[in-house]
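First the structure, which I've put down as structure tokens, then a few questions once you've had a look.
Order of writing sets the labels: A, B, C, D, E, F, G and H. Residues in every chain begin at 1.
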């Protein structure tokens, strides 16, 4: 953003931009206001990612509108998260452009998936079968952002013999996303085995004293393994997004 | 208690006990009231265990008094828990009979330890070094109640390679007590490896979002491993006591 | 697990197994991966129990698949928990092999119940009528695992005269499971009367300040009775499973 | 208060009081403002009780000042609660009038205790020895307010045989105050045996998951026994005060 | 209960009862076991109240069965609480005896209401309109138990001028039940005005940070007014029951 | 209220009002009791605002009744909040007078909106699109009470470039209402930029560890920006009402 | 801030400022970086208030340094909050310029208090004596910022007759700050009587279920009185600051 | 670890290792057991980091012993965290080898700091002055692990003009650690500006409703900015460690 600011200032100095235009440019440029949302058209440039629409709490109409606004500005690859089946069907009828819907993850993807161009592979592990939707949200997000993803599901620590066969994958991963509900111990166990960054995703899977994911969340925050950090309960998208950022670290940066 | 009740009823029928005496017997028999406490003299018989004094919140004088009351009724083996060093010194000056003080566990033991006569060995494992005091409270309690105890400390799951060498001990234990703070994952991992009852003791070790042991407690309650149950935070005594009960299960029972 | 490991190592030494085969054996042997789940085929041997399927969060199709995988490996006795009536009906249509459905507990059992071969009787008590489903989950689990079970329902402490008639059963039980919601005091009262291990199961029965079982849970964790441990809220299965383990303690163990 | 209002209005009508005087009377009458506190001089009349000073958070000087203000208005019987030993000593040096200090309860009493004139006896029971200070606060408050009090300490439910001998006292009490920390089950058990109002006082006695009395508090609020109500954690004064009100119910009231 | 015990013991001594019969009598007498519930037939005698059925979590069939069991033992006046409209209709079809259904309170009453025979009037006040169902549960319970009840609804403290007109009723009440959700301040304000016992009932009325009644509950527990005690959130029945007990205090008691 | 009191007293003195009439006047004047509610007819005068009906938990019939009672006393401008679409339709059929329904905010307004007569403009900002209903409740409330409102939606801090263009509006606002869920940081950022009072409204928008608005609530309470205060979660009405009060501060007040 | 931005842009256009200088100006102008703190020198202008130093967590040396930095930039009136007595003494020795220390509030004030120039009077009321320190923090802050303050302490709602005499002051106040711990009902009662903005300050005064001010906080957030908003527990400064902002609302604002 | 396993298996096949030796090797190799701790000697190799000693809950003697054990195995660079000044002095007297103590962070470092060899710079920002100790723990940890660190302290969002000057550093950082207490909004604001991974560290700085860091923790978990993850409250070490891992991502990994 700062370099844009500088360009605008330089344009003011050069006289190619009036002061009022400059103020306007600083204000209105980076997004289109379509009433119910301010569509961010520069985020891809500014933060190095394609646009994502958080579907929960938006109507199919609103989603359609945002998609169209993005596409009309040349954004072809769009990810819609938290889209339940009913909304997806509405969207299908409404939308002028095709998309692929992944019901396991509640995700729709407009446009082609990019080629994976990250440092290495992102490994996504779940404690149980019920954690898979959250894991898939993370996996598809990471793939959408140009990463190779390996899935290892149902390897919860209560059956350590199910996790240990995957030690090679743990050792060779570039980033690991550990998805688990209930007591969330998977993050600690993987954190103790891995030497790459581990992103822990607590899930709301469980009952009773799991208190909607609180137990897994606290467990992961208190992990005695180093190199583990945590995102919000059920936040598969956030984990996939962050994993992609880490997997695209560049040596060139100063 | 019921068989005593029946004996008393039979004595009434036989005329060897008046009705008023019976009422009295039912009321006053099993303990001595020494003012600040009702000393339970029959618990050893009724529940198969020597007497234990919970030291927290009692003055050395009160503890002394209870010890004396017990000894005068023939109880020589007495365990005092939650006894800090300062109180232990007071007790040392006051007490007419000797005792052994274990400062790591805050425990004093009057009398000799019994021979171990349980089914097998009780394995006590801790996640870290700071969990040792709670583990020692459990260990000494179990030894006081006639159990062979094996200690395996500092085997937290974040370094799985520290736990795995003990797989033989886990496999051969009769009961396991898993003591851990922070994220408390140890209970789940051991629970997944063991085929004996596992008693989980959350500890208040940790900081921040461990919330005084709450994180470990919830983690252990939500353990996806079967065969695990939980006692109160830092309740080493309760774990040792219950482990001893389990380790003294008798085939003869109907 | 360790003895299997040793056998594999010995086969390597003897040349009957290549190193790569050994690595593979260590990795893939103990379960079949059927996509959505890793079916554990050795658990019966490793942990001494038949297989259990946690039904919540699994589709009838998935449950059917796991059942078939188990049966094709010779596992005939299978317990499915947390199976609501609707799912049970689906399963009925789909399943090739018959099973018995217990709607009070949400449990399906494939195969015959085994003969009871435990040390003694497991007593299951509830505070009220609403706690019965959780108690039945515990009872059927214990019966499935080869235990004699006695049920004593609706004996909450607020009517002590309803509990006291059962003092004989409390005194003679091998293990007791105390199931209660609201204030959960049943565990403490039974814990004070019994001389066997007591497993407390808080239930989510109640309203207002019971906060979904939290009140009963805290109450049970703080029980001033020794010999009491606690499992997750509404976790009847966990209590039944643990009770069975305790009731099958063997003197032969070293 | 309303009848006073009416009297004032009548005086206005009769001309014996000007409007401004009436406004003043309505405003300033019932207490003396001594700067740091508004001493309530009419409460005895209005609410039928002698004055009580809550000592916590007040300096000995402030307490002295309030005592003097009360005495100068003819109030000789004064109760000071939450007064630790250090403050009590300061007060002793400062005070012109004598008082009796009960260190077990942190209570000072100026003046003579009144004769008990309630309907019956208030029974105060505690679960353990550590609950005694709270129980004593309740007991002395009740005695200060003219009640006969019976103390039954250390009768916690984990040793039901210690409670049952007191069944006669429970049956004959006019009001019962049940004081307990940890799991607070005493209130439910007594509530199930008694046919009089039961006031439950949770205490902060305990550790770990007792969370400073929260466990006992929730337990008591969820009591399945009818006729039980609850006051704040450690609020012995509140319980004693309410018990006295109940024990002084009058048939004459309309 | 104790006098019954004594009678049984005397019968044993006199030979009119065998020991085994005595044991049986102690065990089975006070209730009928109808499978899903132990119907308490002696509570009226033992605790001085007619029988109450807590309808939540019971089927209409079960309720019918309990009603019949009670009626066949001569209990004609029965209160059923927490009975929603749907269940009430089922019950209407099934029941052989008529009852009156109060939908505002979810209460059914079999038999005639007794004449009010308490010391005075029970005043029931609510903060708002939404608190009325809980207040009605309290009111009908109290009337069912023989009390005169006065209702004063929607007098919340935020409009003090709506409460003040009722000062006469507050001053003349025998017991007051203050029912309020949201911030629950009504209990404190009434507690400061009244000189009789005040029972506070927090309700789950509110949103956001009322957290299902927690805010009102804490508020009432912390009331700085003396003479106030609290029951569980939404527990109108408990408040009405306790108020009746207090309103039936007898001078004759020793 | 006090001046009314004084007037009444003066009328008593002058003999134009009897004492009993005065008592009555003090009691019954300011509202009409229509059974299920006490309709406050003087609030407009007493607190300077038109009447508001909180629709949640009231039936359309009750709302109709209150509206009519108000209108018959000359109150034409009435705001009904928390009115869902279904109820609004019922109300439409029932109501004799027209009203305007704003479904985005769940608000119905009877009568004309007044001219804005406040000090300046109330700026209402939201973090996201999902916060709009709460913001609209605040906006319409403020407009109903005579304020000019400017809406700035979807300016959450995670895209600071969306907030900064509005710096002029922030700088020139008279009062700002910051509406945000999730982490609620909007309040702090705006609080740091503004020099007018900022009212923060946490919303229940979010998932997982947002715990129904608790996260935003705590965040806003802990705001390190001065000049920020907080209302209940989702309490748009309260924010709009308070903002109007502030925006109508008068210099004339002494 | 925006007008400064515009001036800078205009200077760039006019050539009186280079682009780099402009960037620098935007960055470094408004504060001096003295290592451990960034001293804000423009806040007085930007937000219309003198500078305040939050003393908690700062050493006397650091406070001295910040004071000096402010004074050297012409800021003579400085408020230091949360300054305990020990720190205040250190500061006294170190400081080159005099200040006045208010130990009741933990506040130091450098320079003269300004003349009160607000719209009206700020009324500060407390529930009890223990709330006074928080109230004084609010009062001194408001006076420091140029407001007339009236203090009304110890008027808790449990003794409504202590609050009612102050109805005139409540009615004539410009802003009211209601400070209360325990159940925090004062805010609701005052909120119901007042027609000006009410700022509620929960305090940590209380014990047991007050949970460090949580009870009062929730109570105030749920206040059913309109026009009430809440600041953090014990945040007297925040309340005083906000009250001052409201009391300085100007009609001139557009 | 897996490659070691394979080497051991190959040695078994080759006959250079017996089966028993292999079992032993698998078990005992990677650490030295010095009684109170299992010193991990291979972690540097296995996880690519020098050894760290968590000082809290360890005596200076224990720390000394672990240091010596590490040094005797060739580990010269050792970090000790959570070491208060008193312990540091003890350690100074005891230790045979020198170390540098950083009291601001409670950190001791044995050996030389390595040259920074990461991808880029780690930026560490704090909201306020009181967050500095946690930030320093993170900074020193990162430097100890070979990273270049830039510190930007006291840039809390309530004064956005203090953060904005650092936009260049935010834009050019490789990883950012955002350290903040109170409302923790800093993480969201930085997260919205940055395009690199952001690690949020909530601190326990604050009072009242900050609840020991809970407010900041929840805020950060709910951050609406993508690319943010969270570690435990006050866990500067964990953040520094993870940042280093991310800053050492290698393109070579497959």
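The rule is simple: a residue touches a chain if its C-beta (ideal position, glycine included) is under 8 Å from a C-beta of that chain, and two chains touch if they have at least 3 such contacts.
Bear in mind the structure is a predicted one, so any value in this text is a computation, not a measurement.
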Overlap of the subunit D and subunit E neighbour lists contains B, C, F, G
Pair sharing more residue contacts (C-beta pairs) when C-E is set against B-E:
C-E
Any idea if subunit E and subunit F meet via the same residues, over half in common, or different ones?
different
When the Cα trace of subunit C is superposed on that of subunit D, what is the rotation angle, expressed as a multiple of 5 degrees?
180
Starting from the Cα centroid of subunit B, hunt down the chain whose centroid lies farthest away.
F
Of all chains, the one whose CA centroid lies most distant from that of subunit H is E
Counterpart interface for A-F, drawn from E-F, D-E or C-D and sharing over half of its contact pairs
E-F
Find the geometric centre of each of subunit B and subunit C from their Cα atoms only, then give the gap between the two centres in Å, rounded to an integer.
25
Centroid spacing, where centroids are CA-atom means, of subunit B and subunit D in whole angstrom:
38
Quick one: subunit A and subunit B, Cα centre-to-centre, how many Å?
49
Out of subunit B, which residues touch more than one other chain, so two or more?
1, 128, 159, 193, 208-210, 214, 217, 221-222, 226, 232-233
Pairs of chains in contact (touch as defined earlier), listed by label:
A-B, A-C, A-F, A-G, A-H, B-C, B-D, B-E, B-H, C-D, C-E, C-H, D-E, D-F, D-G, E-F, E-G, F-G, F-H, G-H
Counting only contacts in the complex, subunit E reaches subunit C at residues 1, 26-28, 30-31, 36-38, 40, 43, 56-58, 62, 202, 204, 212-214, 217, 232-235
Which of the residues in subunit H come into contact with subunit A in the complex?
1-2, 46-49, 52, 119-121, 167-168, 171-172, 174, 193-197, 199, 217, 221-222, 226-233, 237-239, 241-242, 245-247, 249-251, 253-254
For the complex, give me every residue of subunit A touching subunit G.
5-6, 9-10, 12-13, 15, 18-19, 22-23
Subunit D residues touching subunit C - in the complex, by the definition given at the top
127-128, 156-160, 182-185, 188-189, 191-193, 206, 208-211, 214-216, 218-226
Tell me, which parts of subunit A touch subunit C in their complex?
128-130, 132, 153-155, 159, 161-162, 164-165, 205, 207-210
